[in-house]
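Have a look at the structure that comes next, please.
We call the chains A, B, C and D, going by the order they appear; numbering starts again at 1 in every chain.
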Amino acid sequence: MAIKMKYVFAVNFKSYETAYNNVAVEIAKTASQLSSKYNNVRIILSVPSVMINKLVNIYDDIYLQHVDPLDYGAYTGYLSVDSLKYLEVKGSLVNHSEHKIVYRDIEKIVKKMNGLNKESLVCADTAGEAAGIAYLNPSMIAVEPPELIGSGIPVSKAKPEIITESVNAVKKISDIPVLAGAGITVPDDAIKAIELGSSGVLIASAVMKAKDPNKVVIDFVEKMNSI
Amino acid sequence: MAIKMKYVFAVNFKSYETAYNNVAVEIAKTASQLSSKYNNVRIILSVPSVMINKLVNIYDDIYLQHVDPLDYGAYTGYLSVDSLKYLEVKGSLVNHSEHKIVYRDIEKIVKKMNGLNKESLVCADTAGEAAGIAYLNPSMIAVEPPELIGSGIPVSKAKPEIITESVNAVKKISDIPVLAGAGITVPDDAIKAIELGSSGVLIASAVMKAKDPNKVVIDFVEKMNSI
Amino acid sequence: MAIKMKYVFAVNFKSYETAYNNVAVEIAKTASQLSSKYNNVRIILSVPSVMINKLVNIYDDIYLQHVDPLDYGAYTGYLSVDSLKYLEVKGSLVNHSEHKIVYRDIEKIVKKMNGLNKESLVCADTAGEAAGIAYLNPSMIAVEPPELIGSGIPVSKAKPEIITESVNAVKKISDIPVLAGAGITVPDDAIKAIELGSSGVLIASAVMKAKDPNKVVIDFVEKMNSI
Amino acid sequence: MAIKMKYVFAVNFKSYETAYNNVAVEIAKTASQLSSKYNNVRIILSVPSVMINKLVNIYDDIYLQHVDPLDYGAYTGYLSVDSLKYLEVKGSLVNHSEHKIVYRDIEKIVKKMNGLNKESLVCADTAGEAAGIAYLNPSMIAVEPPELIGSGIPVSKAKPEIITESVNAVKKISDIPVLAGAGITVPDDAIKAIELGSSGVLIASAVMKAKDPNKVVIDFVEKMNSI
C-alpha cells in the first residue's frame, strides 16, 4: 500500500512496561488529538499484539510489531499474517532489529500484506539490506543502525550517510518512503533526518522511557508539522 | 497456582481462521453459558494474543497460547511474561508441541507466572518430559504425543500408557493435574482420558475445524460434567 | 576474494550419507584428477565440517557448508568464522536455502571471510535477495529458487528469468560472479545456465544421490570445459 | 552406552582460538600420555567438528560438541546424528548450556546415538532438567548452573546442593553417571564435586584459557587419579 501523508512519526512501544499499562492508553489519546490538529504528520503507534484491541478503540493508526510468515493453521502461539484480514490494524513492523527474520520470510509477509491491503514497515540495518528489501515493494522501509538503537545518539547526527545512502539505494529500485531510526531523541533529530531525505522517523525509548511520554510525542509532532 | 475445578476442557484455538473471526466469539459465548450451567467442568479457551481483549469481555477464562521468557524491555514483537500483570487472562499455554522452547525458558516463564498468580499449562510429548516439567511446579501439565496431534486418532485409545505413565511420573514429584491431548475427537475420548487418570483434555482441531464448533464444545462439556 | 577460473562447478555434499562415507572420498579423488586435466572449470566441493580434514588431503578446493557469525569464544558446538584462519578450506557456502540466516549475519561472515582471504559463496532465493547480498561483496552468489531444489527440474529451464534477472541485479552493484542452482541434473542444464549469464552451477542431489556420482562429476566437468 | 572408568575429566574446547590451533593438538598429546599412565581417570576431549579428524589421530577419546537431530538428507551445514556411524568419535555433548535444544531433539539424538553405540553426555542446568533427561537414558549427564559457567566460581563450592540434588534426582530414575560443571578451576574443585556424589567434571575455560593448558590438564588428572 502506498503511503500518502507528508511525514511519518512512528512510535515503537516495544515491550516496555509502558507498552502495557495506562501510559499506552494515554499515548493513544494524545495521538488521536494530535492527528485531528496537525495535517502534515502521520502518527503510527506500533504496539504489542495483546494491546491492539484496546488501543484501536482510541486511535485508528495502529501497527503490530511482528507477524509470522504463516498461513492459517495448526500454529500455536504464532500470529499468522493472514489473520490481519480480521484485525483493525493498519499494518505491522517487519524485520525489526530486535526481531530479525530471513529474507524469504520478509518476502512472504510483505506479499500477503500487500494482498490484504495492509501496510508493511520493514526495517533494515544498512543501505544494502534496504536495497534488497526494496525489491519486495513494502509500504515503507526504516533504516536503523543497530548499535545506535536505544543509545540516545541519533542516527541523523552519528551516521547521516546511512540515511542518504539508504534513500538513494531504495530510490534506484522503487519509490518507497524511507524512515530513519535509532537514537532519535529530540525533535531536531527528526528534522535532520528529514533534511537528509527520509520521510520521517521510527522512535521508541525516547518516548516509552520518558518521564512524560505524551509531551515527547507532542513536541515531535508539532515540530515535524511545522516544516 | 493450584487448579480447583473437577475436570478441565481446554480448547486451543491455534491459528486457524476460526480463531480470529466470528467463530471465536461464538465459542466464547458458548463457553460462558456452559460455565454457568455446569459445575464439574472448567472450560479454558487458549486464544491468539490479538484476540484476548475482545474475548475476555465475553468469557473470563481465557489463556494465551505462548508468552516469551522476557522481562519488560526493548523487545519488539515479543510478549514479555511480565506483561501478564496487566492482562485479563488467567494464564497461558507454555511449550506447546507446535512452539517448543528449551527447559530454562519454561522455567523462567513458570516462575514468573507463579509470582504473578497466573496459571501455566505446560505441554509435554512424553512422561519423561512431563517429569522434568513437574519440578518447575506449573499449574497443569498436558501430555500430547506429537504424532497424534490433529490426527483424529485419540491418545486415550492409541497410546493410553502415555497418559498413565505421565500421571505416575508427575505424581512422584508433585501433585499437578495432568491433561491429555492429541487426537481427542469425541466426548468418549475425554472420558477415557479421565478414566486413565488425567484431569481433562486439551483439544484443538476437533473444535476449531468442526462444521459446528459450538455443538462440539457443548457435547464435550455435557458428557464430561456427567461423570 | 575474487574468483579467477572460467566456470564453476560447485558440489554441495549436504548431509547425505554419501557425504560421510567412501563416496565422498571418491568424489574428491575424481575432482583432483579432473582439475589437473581441465583448465576451464573450477570444481568446488562443499563438504560437512567433520569431513574437511580428511578431504583436503585429497583435493585442495574444499568449502565448508556453513560457518557461524561468531568470534572466538565460549560457544559450544558452533563454528566461529574466525577459525577459518586455521582451516585448510578455501571458503564456505553462506545462507544456503536449507540454512537461511538473517542479513546482518551474512554481513558479519562475509566481512570476516574477506579479511581472512577466504571465499564466500552466498546463496539467494531471488534476484532481490541477490541484490542485497551484492552490497556485501562476497566472492560469489548462487541463486536457487527453493521450490526447485532437489526437484530434478532445472532452474535454467523452469525459471531462466531468475538467472538473468539475478545477474543483472548483481552487476548493477558489483562485478560478482553469479552461479545458478536448483534442479540442475544433466550437463546441458549447466550449459544453459552459463548461456543465461551465470558463471557456473551449484549442484547437490544429482551428484550425491546418483548411482555413479563420479561419472556425473566427470560428465559435467567435461561438458563445461568444452564451452 | 554405559561408562566404565572411575572418574571422568571432560574438557570442552568450545570455540576458543586454542580449540583450533596448536594448543588443541598439544592437549590431545597430553591426554594421550596421561591416559596411558593413569588408570582411574577417563579424559574426554570435546572438540570443534572441524578438528575431529586431526585429533583422533593423536588421542582416541574425542567427543563432538553438538550434533543435529537429523537423519541423512538434504541438510546443508548441519551434522546429522546418523553420520556418527562413520566418525571416529566416541560420542558428543548434547544440550550444552551454550547450545540448548528442546527436549524432543535431545530425545531423538540420544536414541540414535544409543543405537549407534555412541556416547551422549547431556547437559542440564538444574536437578529438574537432569531428571527429565534421565528418562532418555543417555550415557552421562552433566549439571552446570549457567550463571557459574566461565565465572571461576566452582559449582562444587557455590552450589554444592545442585550436585547432590541432581545425583539424587537422576538415581531415582536410572543409574546414569552425573558430572558437575561450571566454574571448575582447580583440582580441589573436582575432588569436592566427586565427594558430593558426581562422577567427575566438565571443564572448559580453566583449561582452554590457561597460560599453560597442558599443566592444568596434568594437575587435574593426577589429583583425580589419586583419590
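Methods note: a residue touches a chain if its C-beta (ideal position, glycine included) is under 8 Å from a C-beta of that chain, and two chains touch if they have at least 3 such contacts.
As the structure is a prediction and not an experimental result, all values here were calculated from the model.
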Which chains sit in contact with both members of the pair subunit B and subunit C? A, D
Find the chain most remote from subunit D, comparing centres computed as mean CA coordinates. A
Separation of subunit A from subunit B, taking each centre as the mean of its C-alpha atoms, in whole Å: 34
Distance-wise, how many Å sit between the C-alpha centres of subunit A and subunit D, to the nearest whole number? 46
Multi-partner residues of subunit D (at least 2 other chains): none
Every touching pair of chains is listed here as A-B, A-C, B-D, C-D
Per the contact definition, I'd like the list of subunit B residues that touch subunit A in the complex. 12, 14-17, 19-21, 46, 48-54, 64-66, 70, 72-80, 82-83, 85-87, 93, 96-99, 149-150, 204-205
Please output the residues of subunit B touching subunit D within their complex, sorted ascending. 100-104, 107, 124-129, 131-136, 146, 169, 172-173
